[in-house]
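Two complexes come next, and they have one chain in common, subunit A, joined by subunit B in the first and subunit C in the second.
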Partner chain A sequence: MNEVHHFRRVLLIWVVSSVIFTPLVVFVLAPGIPPGDGTVQSAGQVTDNAVLFGLSTPIALAVLVFFAYSLIVFRERQPEAVLDGPPVRGHAGIQLWWIVVTSVIVLSLAGYGTARMLDDGAGGGQGPNPIAKPDPSQPPLQVQVIAQQWKFLFRFPGYGGVETAHLELPSNRMIEFHVTSLDVIHSFWAYQLGVKADATPGADNIAYVQTKKPLGFDIHCAELCGVWHGYMFDKGAVVAPTQFTAWIRQQQVRFAPIRKSLPPYSTTYFPEPQKRAG
Partner chain B sequence: MYKPCRGEAGVSAPGKRVIWVAGTAVLVCVLIGLYIGFYLTTSPGDASASAVRTPVGTQLYLATVAASELSDPHPTWVSYYQTDARDQNWHHATTYELPRNSLVHVTIYQFDGQSGLRNPFIAQATGVIGGSFELNGKPTRTIDPDAASHIFAIPQMGVSVPLAGIPDSAKNPCDNAPCPLSTDHETISFTIRTPGPGLYRWQCFVPCAAGYIDGFGGPMQSVGYMDGFIKVV
Partner chain C sequence: MTAISASPSRRPAWQHLIGFNLLTAIVGAILGYLIGHFIGGRIHAPSLDFFGDTGQNDIAILLGYLFGVIGFMIGMGFANYPVRRMLGYPPTLAEHESEGLGLARYFRLCTDHKVVGIQYIVGIGVFFFIGGLNAMFIRTELLNPNSHAFGPNQYLTLVGMHGTMMMGMMTSVILGPFANWLVPLMIGARRMAFPRIEAFTFWLLMAAGVVLVTTVFFGGFQTGWTGYQPLGGQGTAGYDAYIGFFALVGLSMCLLGLNLLATIITMRAPGMTWSRLPIFVWSVLATATLMLLASPMLLAALLMGAFDRTVQTGFYVPGVGGSSYLWQNLFWVFGHPEVYIVALPGFGIVLELLPVFSRKPLWGYRLAVAGMLGVSLLSFFVWQHHLFVSGINADLRPFYMLSTELISLPTGFIFLCAMGTIWRGRIRFTVPMLFCLGWVFNFLIGGISGVFLSDVPSDVTTHGSFFSMAHFHYTIMGGLVFTLFAAIYYWGPKMTGFKFNERLGKIHFWSLFVAFNSTFGPLFALGLLGMPRRVVTYPTNLQGLNVWVSISAFVIGLSMLVFLVNLVWSQLFVREPEVGNPWASKSAEWQLPTPVPVHDFDRMPVFDSDPYPYGVPPVTSPQVAPAGGTA
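Take a look at the complex of A and B:
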């Protein structure tokens, strides 16, 4: 059995398995993988994951098929017969194809990822000067996320700067998150919303999310931030616009006593005093 | 002539290797499983203290001090203690056992000075019965954020109560625990309703660790000083 024969057999097995498994992975497995379709950004991430799975499945199969084929076919059943084989020499054709194929795959993914990022930011923090801005025809709802060890608090500049202990958002609305921190680096991660943005002291990290229908979501800190990092979580909700309006009014009344003590709304805060600590 | 029994003839060298690898893998998996199992099922059981049940309800008496007792491994660290209604029996404990679905009246003797809040928002109490607490017997909803010494917060229950510090001009501050009521202090009391059984974390939200950068280290990052657990049983 010559080498060309092996190559053809491996190639055939790979093609057949790719034809079978790639559609299964893309159309059956990938749509069920988080973060789901709670927002435009999370649904976009599901699509992106499907694209990545679709490209990586044949690559993974190529490795696995060759691995299994080698284990089965090239196994030497008489160890004493093992001799040093002929030296392996370069093969210009294979090397060229390897470089071309891998370059095309990587550059294609880079182009796809860049286009997706520029489209709507993909729910990621874009820093204080975001490039991927939403459609200007729809004014976004600004929500400030203030992190500190070990809690997220939220402020709504469009509603008199009211601060809340929990987060509710209106459905079918563009949300403009402004994420910052009062102490160490945290990361605001609400995966059902498709948003993840670092909370850095003294920095205003902006991320956009377009909500869809009502849903509950989890909020976690995704940056190791101290002994209680694992407990830095909360639950939030996307609710109907009327329900959101009622909720924010209720928060304004509830936290009216502390309103006068809050600093004016700012994209960042540098807390003082630190009388004894430090 | 010796004739090996069936199966005794031997496991081939590759077979032995497979058995060794499989056995080692199983052992490693078992050890990892035990580690995870112990981690998930272990709860803080030492140095816990139970609330006191009285005819007028369940009472929990706590005290916050600027520095632990001199015999403590960290005598300069700010900490919580459990005590009693007369501030007599001090016990270094940060795990408190409370009855489930009950009203618990908490009294905190606050002997520590003022540090100030990083976020003034938490100068308003939340999660307490009636929406307010008593500061030296006076019903209060908020305090001056700059006057805060600590926050007693149980995030999973939505409880957050600001604890005012004694002023810098205090004439008779307490240096180390135990602190007698004759020294300067503030008395904060409030009532909470406990949820169902479970382990709930409590913590201070004021970076109050003197001697550490921005007050974040030491007792703020070590379970058993400015944080702990509420065991609801």
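Take a look at the complex of A and C:
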């Protein structure tokens, strides 16, 4: 059998397997992949993952089919005698096409990722001057996340700078997280919200999320921060706006005595005394 | 090894203990540590007011490490040559021609690149198994989220030891043993460009490994291998061991890269043009460049960390003029080239071995070279993808997304060359070939999962989770470790002179391949399900997957035991000699006699083709045809 025949068969197997597996991956597997569609940003991440899965399935299949076919068909059938294959040292056309095709894939991937990221910020920490800002018509709810060893605390500058020990958020609202740290680097990961932003001492890291319906979510620290890093987690909830208002009033009353001894609201804090080595 | 010990003057064994060797080196190290510790105490004690807020005397420990290493090197005999030369004695080759010593030459300073290669593989192997044992402990701890086998402090020390050991010692695991051993033979040189530096890099790495292990006496360190600041600044004295370890590794890597670069550039035999260089040597060249350029950044970062801890500077302390972003930047400017330092030699091994076992020339030689150089160039421009959600330079994220994804282009070249090479070949499924094919599968998964991490929206979920952990284990363990075993099974018999047991080799491969995928495949799922890295506990609904992963990891451990059994059994007990060219390779090193003579080549070899003239009749072995010139 000649080379062209082999190549056509590989191509055929690849096309058939891609046609079967790619829709399976994109429409069956990928939508079930976390973090779910609890917020606009997390739903965006699910879409983004589905696109990446859809693109990588045929690419992976191309390599796997090619190797599987070659290993089966071109295996040495007379291992006793050492016989050489054809001395082919390359093919300029194939190499050129490979470079062109992979470049197009990579550039479009980077373009797509950039567009998705600028679209809604993707829930990631964007530093003090975000480039992906939400629609300015509705003022976002500002929530400061203060990480410290080994607990997240939350301050609401729109509600007199009250500091709470747990997090509740109103549904259907744009939230503006200001993530900072008092000691070492932590990372605020609100899993079902699709939010991850590093908490760095002395830095204000802003992340946006547009909540949808009420939802319970998990908060983890996603950056190694010392001995109890594994236990730095909490539960939060997205609740109806009226319920949120009631909750924040309750917190204001409950933490009023503590509020008096807290420093005024600021984007960063430096605890006294300055924490040094040891 | 014993075959070449038939030298004229065989001394009694006890005489080998006299002179500069590992024993005197250990004595020197202990003395040096005590001196350094004493000096550190003298510096610290008179100014307790200044150093008072440190919980321990870091100066004494770091100076102890420094003087200990110096003492170790003097005891090893590295000072002898410069001192003798300064005193006017003529140069000598005594350190090179130590074949009369038999096994003893592996325990002392020897500048024969073949001895150093064996020293490297055994030395790094010991630490590789220590690091692997740590992984077994980590998985033991993660069997249950609530009842702890070790507890959080010990667990994080294990995590840090595992990561640091693997990312530190294993950077040299191909270039140390195989590049040192093979590059001179492949390019037709009789030695490396700087033989003493070659030996120095090895003993420096061994000193580094010991320094890291001493962390357990100082309370361990809780920062993982990334050593993030200011967490590191809080660390106990165990973090000083981290600094000492990585500084020594960085120095060793830098010198190793320098030595290999100089050797490849200046010491090629006549006819060994750039376009005839074996592809493995190209991968060594690309890696050595990264080693030389990236490790100084690490040294600088560590030096600042050491100053923060000892003389109370504030490079990484926010609020006193420092920044914790500084460490992240410096560390990853080193750290991302570092992961390609680990991956690139694997590319070279795969492309070097596929032609041999497909019986075809390497397909697309220039494209493969472009791929390796492209990876090494691009790897300096991607580091901030580790900081996508950190809030630093958020406007530059599109650039780092692009540069990171661009790396898949040169990596794709490597895959294309591999595919072109096996196409219509006559493929033989030997043990080294199986490991190369394992690399293809693993690195494909590793590369594709890397695209998810390079894409910012997807990275927001996967960053810092078990997903990224699974990704880099697919590229490093599935990439580097599989090619390491390919190299051991392929070149090992040439290096030692004894065959491996093929059946055990195949059992090793299949058990490792299956257990590896069964361990790290589910970790992708665990990451997507929300499990952060380096946690000592996790939600109870994830316990089923974690137990599955742990059991698979123990099977990896068993698979490694199969390898150890094979190694000990075939190399120490059966000792079936390997004299010919078992793989019918046309590469230069296989045309030399086994064991390779001390000075490699009797006469200067002349090369008239690249090492892949497969399928071209008449079948000759032209690489070492003597040209009549004297060496």
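By our rule, the second predicted complex is superposed on the first by the 267 of 278 C-alpha atoms of A that agree within 3 Å, B and C clash if a C-alpha of one lies under 4 Å from a C-alpha of the other, contacts with A are read in each partner's own complex, and residues count from 1 in each chain.
As a convention for this text, a residue touches a chain if its C-beta (ideal position, glycine included) is under 8 Å from a C-beta of that chain, and two chains touch if they have at least 3 such contacts.
Since we're looking at a predicted model, the values are computed, not measured.
Trainee: Taking subunit A as the common reference for superposition, should the pair subunit B and subunit C be classed as clashing or as fitting?
Mentor: clash
Trainee: Who contacts more of subunit A, subunit B or subunit C?
Mentor: The partner with more contacted residues on subunit A is C.
Trainee: Touching A:146, do we find subunit B (first), subunit C (second), both, or neither?
Mentor: The first partner, subunit B, only.
Trainee: In the superposed arrangement, which partner chain does A:184 touch: subunit B (first), subunit C (second), both, or neither?
Mentor: Both: A:184 reaches subunit B and subunit C.
Trainee: After the superposition on A, what does A:64 contact: first (subunit B), second (subunit C), both or neither?
Mentor: second
Trainee: Is A:93 touching the first partner subunit B, the second partner subunit C, both, or neither of them?
Mentor: In the superposition, A:93 contacts neither subunit B nor subunit C.
Trainee: Looking at the overlay, does A:263 come into contact with subunit B only (first), subunit C only (second), both, or neither?
Mentor: After superposing on A, A:263 lies in contact with subunit B but is clear of subunit C.
Trainee: Would you check which partner chain A:32 touches, where first means subunit B only, second means subunit C only, and both and neither mean what they say?
Mentor: neither
Trainee: Applying the touch criterion given at the start, work out whether A:128 contacts subunit B, subunit C, both or neither, answering first, second, both or neither.
Mentor: Second partner only, subunit C.
Trainee: Counting only touches as set out at the top, which of subunit B and subunit C does A:163 meet: first, second, both, neither?
Mentor: Touch partner of A:163: subunit B, not subunit C.
Trainee: Return first, second, both or neither, reflecting whether A:136 touches subunit B, subunit C, both chains, or no partner chain.
Mentor: A:136 contacts neither subunit B nor subunit C.
Trainee: When you line up both complexes on chain A, which piece of subunit B, out of 23-31, 77-85 or 185-193, runs into subunit C?
Mentor: 23-31
Trainee: What part of subunit A is shared between its subunit B contacts and its subunit C contacts?
Mentor: Touching subunit B and subunit C on subunit A: residues 183-184, 226-228, 231, 274-278.
Trainee: Of all residues in subunit C, which touch subunit A in the complex?
Mentor: 53-56, 58, 152-153, 155-156, 222-224, 226, 228, 230-231, 233-234, 308-309, 312, 314, 317-320, 323-325, 328, 358-367, 387-395, 397-398, 401-402, 405-406, 408-409, 412-413, 415-416, 419-420, 422-429, 437, 440-441, 444-445, 448, 451-452, 454-461, 463-465, 528-530, 532-539, 584, 613-616, 619
Trainee: Flag every residue of subunit B that touches subunit A in the complex, lowest number first.
Mentor: 113-124, 126, 141-142, 144-146, 155, 158, 160, 168, 201, 203, 205-210, 212-216, 220-223, 227
Trainee: Can you list the subunit A residues touching subunit C in their complex?
Mentor: 3, 6, 33-35, 41, 44-45, 48-49, 52, 56, 59-60, 63-64, 66-67, 70-71, 74-76, 79, 82-91, 94-95, 98-99, 102-103, 106-107, 109-110, 113-114, 116-117, 122-131, 179, 183-185, 187, 189, 191, 194-198, 200-207, 218, 220-231, 270, 274-278
Trainee: Residue numbers of subunit A touching subunit B in their complex, please.
Mentor: Against subunit B, subunit A makes touches at 146, 148-151, 153, 163, 165, 182-184, 226-228, 231, 255, 257-258, 261-263, 269, 271-278.
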